[in-house]
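Look at the two complexes coming up: chain A is in both, with chain B in one and chain C in the other.
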Partner chain A sequence: MRQYFKNIYEAIATILVGMGVTWRHLFTRAVTVQYPHVKRELPERSRMQLFVEMDDCIGCMACQRACPVDCIDIKTVRAGKEEDLGETSNGQKKRLHVVQFNIDMGKCCYCSDCVFPCPTGAIRMTPEYEFTTYDRSSLLFKFATYTPEQISELQERERKEKEAQAAARAAKLKAAEEAKKAAAKNDETKSE
Partner chain B sequence: MKKSNIPESQFELQVPESLKTEEMTISMGPQHPSTHGVLQVILKTDGEIINSAKPQIGYLHRCFEKHAENITWHQVIPFTDRLDYIASMNNNLGYVIGIERMMNLEVNERAEHLRVVVSELNRIASHLIALGTYGLDIGAFTPFLYVFRDREKILDLFEEISGARLLYNYIWVGGVAYDAPEGWREKVLEFCDYFEPKIKEYNDILTYNKIFIERTANVGVIPAEVGISYGVSGPSLRGSGVNFDLRKDDPYSIYDRFDFNVVVGKGEMGTVGDTWDRYWVRVDEMVESVKIIRQALENLPEGDAKETVPRNIKVPAGEYYMRTETPRGELGFYIISDGSKMPNRVKVRSPAFCNLSVLQAIAPGVMIADLVAIIGSLDIVLGEVDR
Partner chain C sequence: MEPLFQFFNNLFPFISDWPEWLAHTVVGVVTVLLLFGFVALFALFAIWLERKISAHMQDRLGPMEVGGWHGWAQPIADAIKLLVKEDIIPAMADRTLFKLAPVIVFTAALAGFAVLPWSQDFIPADLNVGLLYILSVSSFAVIGLLMGGWASNNKWSLYGAMRAASQMISYEIPVALALLAVIMNAGTMSMRHLVIAQSGNILDWNVFNFFPLTAVAFFIYFVASLAEVNRTPFDLPEGESELVGGFHTEYSSMRFAFFFLGEYANMYIVSAIATTVFLGGWLAPFEALNFIPGPIWFVGKAMTLVFIQMWLRWTLPRLRVDQLMYTCWKVLTPFSFAIILLIGLWKVL
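And then the complex of A and B:
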């Protein structure tokens, strides 16, 4: 019986202690932020949205290789011999047309592993976090500035160049083979 | 036609001679709010008393181990984040130290200190969630808000140093991803000063609350032998009075340099190893973590934390088992390398999985409401149970 009343007393006493804590909290400032109206400034390093400075991209695909979830898709076309694509901000010469630089933010795991291997600092994480959409396909960010016509033109040119190269190589091979045959014949005639 | 048991009017109510009773099977979860994620427990109950409880896992299986076989050594680190997603720093640390020991890599002193600081901060953050959600399971809502307020401060510190709030990818092979920004050390010290009095607040509002004690003391007792034989580790095992802490018993990183106590359950409110003891171990461990953080920051050397990060990770062929103390217990990475640029196999011994397995042993005979208290006190994270 005594234990029964003791329990009741303890329960009430400890609840009052707890209520004291909440009572004190009534007079402290609120820590919540009314989000859409008030926006907290994020630190510089915040990893939110990926951004690519296309003027600096040299198309080395280091970021694509570093990505653990394969969310970056790059396509490049080799520049012509007399073409000048300019330089990046840290003085590297650009030798490739980056005709496609797609980042699927729906796949991205925000690890920022792509940021570190970039030799020119073109790809980076920005503190921009409000990019929610209603459609998953609009999370595919396209950074390349080439129009489809330009791309097909460049690819056509590359194909032709490659064909020409392959033809040249084949001709070279053939010539080498013929020379070999001739040499073999010569040997035969000599041994005879 | 079988005659219905339901009487036509209340005056004809008759108790049948042998009231037919049977075991009822209830599936608790996977959407049950107090199973801490997508855990399903198949309960066989006799009224309110549980006869058997079988955890059904696998709802959050994401093939970590298979993924790890197909990506490079470094790319595995973001995946380890997602094992135990509320203590990501500790997961990074275990995997990374395993590789470093295979490579015989010396790590920069500053990086080592930063690693200890962030993993202890993460331990506090994880224990705070454990306390808050445990109170929520029992029915105390207010402490939950208070612990989230304080956890938010830790997340802000993490955001400043690593750029992310939950999945950090911060601890790298050979060092850390970023050096601490200017003024970060002072901010952490400021947080320590702020945090220590808050622990008393939690004690006032939840720990020593009589109702809370009545709900948790003498419930779900794990005797030390049972805990050890089921492979329980971490605060759940220390609650049973076993002094087992890998930071002391198998020191890794620079934990052997710090002075801290291993908290063990003493059965203050009831039996040794009850849910209250496990809860109390977590509260007291936060105090110890603050101690470690203070010591690490005091001796934080100057230097470049990224100095020893290798350009290419070349792990020699061989195998290694690395175990670290995460907020949930012994997290082991069994790493097999064949000398190539990808791991051959990374097996995870996850503490939450082993801690959950003890549920079958201690659940029979308790009430359904107490099962909620037991699951909460084991502090499982389903991301780690299923991997």
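And then the complex of A and C:
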């Protein structure tokens, strides 16, 4: 019987304690940050959207090789002998036209592995996180500044150069072969 | 209907020139529309209030966007959403009962409004058995809940409906007994006369009568009425975490909205009964405050109780089924019997 009344007393007392707690919280400042209106400052080193400073990119493809999910796609064209592409901010000479630098943020896993190998610090993570789109294809970010005409021109030039090189090499090879043949003939004639 | 008629006559004298049948019809329809409008507005406001209270008790903000100031239009947007949503009736459901259930629940809730005394003059129907009427009409809702749960042909719904039936029928007993303690003293069941009997200042209210006996009766009534309207900590019939949604699992769109509307209307009704019977209805706590009109006091007191219901909801976890029955049969019922006995003795002596 005593336990019965004790239970009732305890039930009411503890409920009042609980109501006191909720009453206090009713007037506590809410912790909610009203996101689109108020944006919380992200830490400087947040790993959000990738950004590439194309002026600093030397097209070494270190980032492409480091990427575990293959979301970076780079195409380069060798610069001509007389062409000067300038230097990067840390004094490296640029020897390649980077005609394509695509990053598919839809694939990116934000591991930051591409950032560390970059010799010039051109690729980096930014605190920018609002890049949602309605179309997955819009998540393919293109950083190269070349126009399609420039690209095709450069590629055409490279193709021609390569052809010329290949022709030269073939000619050289042929010449070497002929020289060999001639030498062999010489040998034959000698042995006879 | 007499006081209501008088009220409208004073407001619009030309009504007395109309033939009786026309006047009665018009007054009746207008009153029902007024009450329905009040229920709808109250439900919208209470939903908004509940979301805000729950949010702030959890250190959140709750709805903030719709309508500008603190999301005041959020319940309106929700209601429109419910209106235009697809109305789904499960293939194996009992269609007639399924459609009838929300109607019954809401009708029972609205019918309770017939005897609420808003002020000295405005009471839709001044029955001499007003309290008895309201108790019997509000227990109608059980049929609706049971019907909805059964017709859904879903085990969660049926569990919820069974719990609702057992819980609401059990808790009707302490509710009625707690009110009986007051009725015994006042000697009337008319809601209007119950309030008039309490006129004076705050100490003449029934809560402070036979102190502390009626105060305990008030407490018992409040706890039991929470269970009557399926509010936390007694929300077992719809316990989301164990029964998905209880009796309204299968309901969607406007049918669900009517269950909801009925629930909020019931919240107001039980608070209004407590106000009428224990807290002096439309009367001001002090004579000096009599210049504030009665309906404001009435709605204000009822809203305070509604707020306490919400406060409790966001404080307490849900009870277990056996604890629910224990509270009813082993605590509330014996205590209310004891109070009736003691008040009877006090009166006799």
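Quick notes
Criterion: the second predicted complex is superposed on the first by the 164 of 192 C-alpha atoms of A that agree within 3 Å, B and C clash if a C-alpha of one lies under 4 Å from a C-alpha of the other, contacts with A are read in each partner's own complex, and residues count from 1 in each chain.
One rule holds in what follows: a contact is a pair of C-beta atoms (placed from the backbone, for glycine too) under 8 Å apart; a residue touches a chain by one contact, two chains touch by 3 or more.
Just so we're clear, the structure is a prediction, and the values are computed from it rather than from any experiment.
Contact with neither chain B nor chain C is seen for A:1 once the two complexes are overlaid on the shared chain. Shared-chain residue A:18: touches chain B and chain C both. In the superposed pair of complexes, A:28 makes contact with chain C only, with no contact to chain B. Shared-chain residue A:38: touches no atom of chain B or chain C. When chain B and chain C are set side by side, the one touching more residues of chain A is B.
15, 18, 21-22, 25, 31 are the residues of chain A that lie in the contact sets of both chain B and chain C, per the superposition on chain A. By the touch rule above, chain A contacts chain C in their complex via residues 4, 8, 15, 18-19, 21-23, 25-32, 34. For chain A in complex with chain B, the residues that touch the partner chain are 7, 10-11, 13-15, 17-18, 20-22, 25, 31, 42-47, 66, 68, 109-113, 116, 125.
Against chain A, in their complex, chain B makes its touches with residues 71, 74-79, 81, 142, 146, 149, 152, 159-164, 167, 169, 177-178, 181, 201, 204-206, 208-211, 214.
Within the complex, the chain C residues that touch chain A are 53, 55-61, 64, 311-312, 314-316, 330-331.
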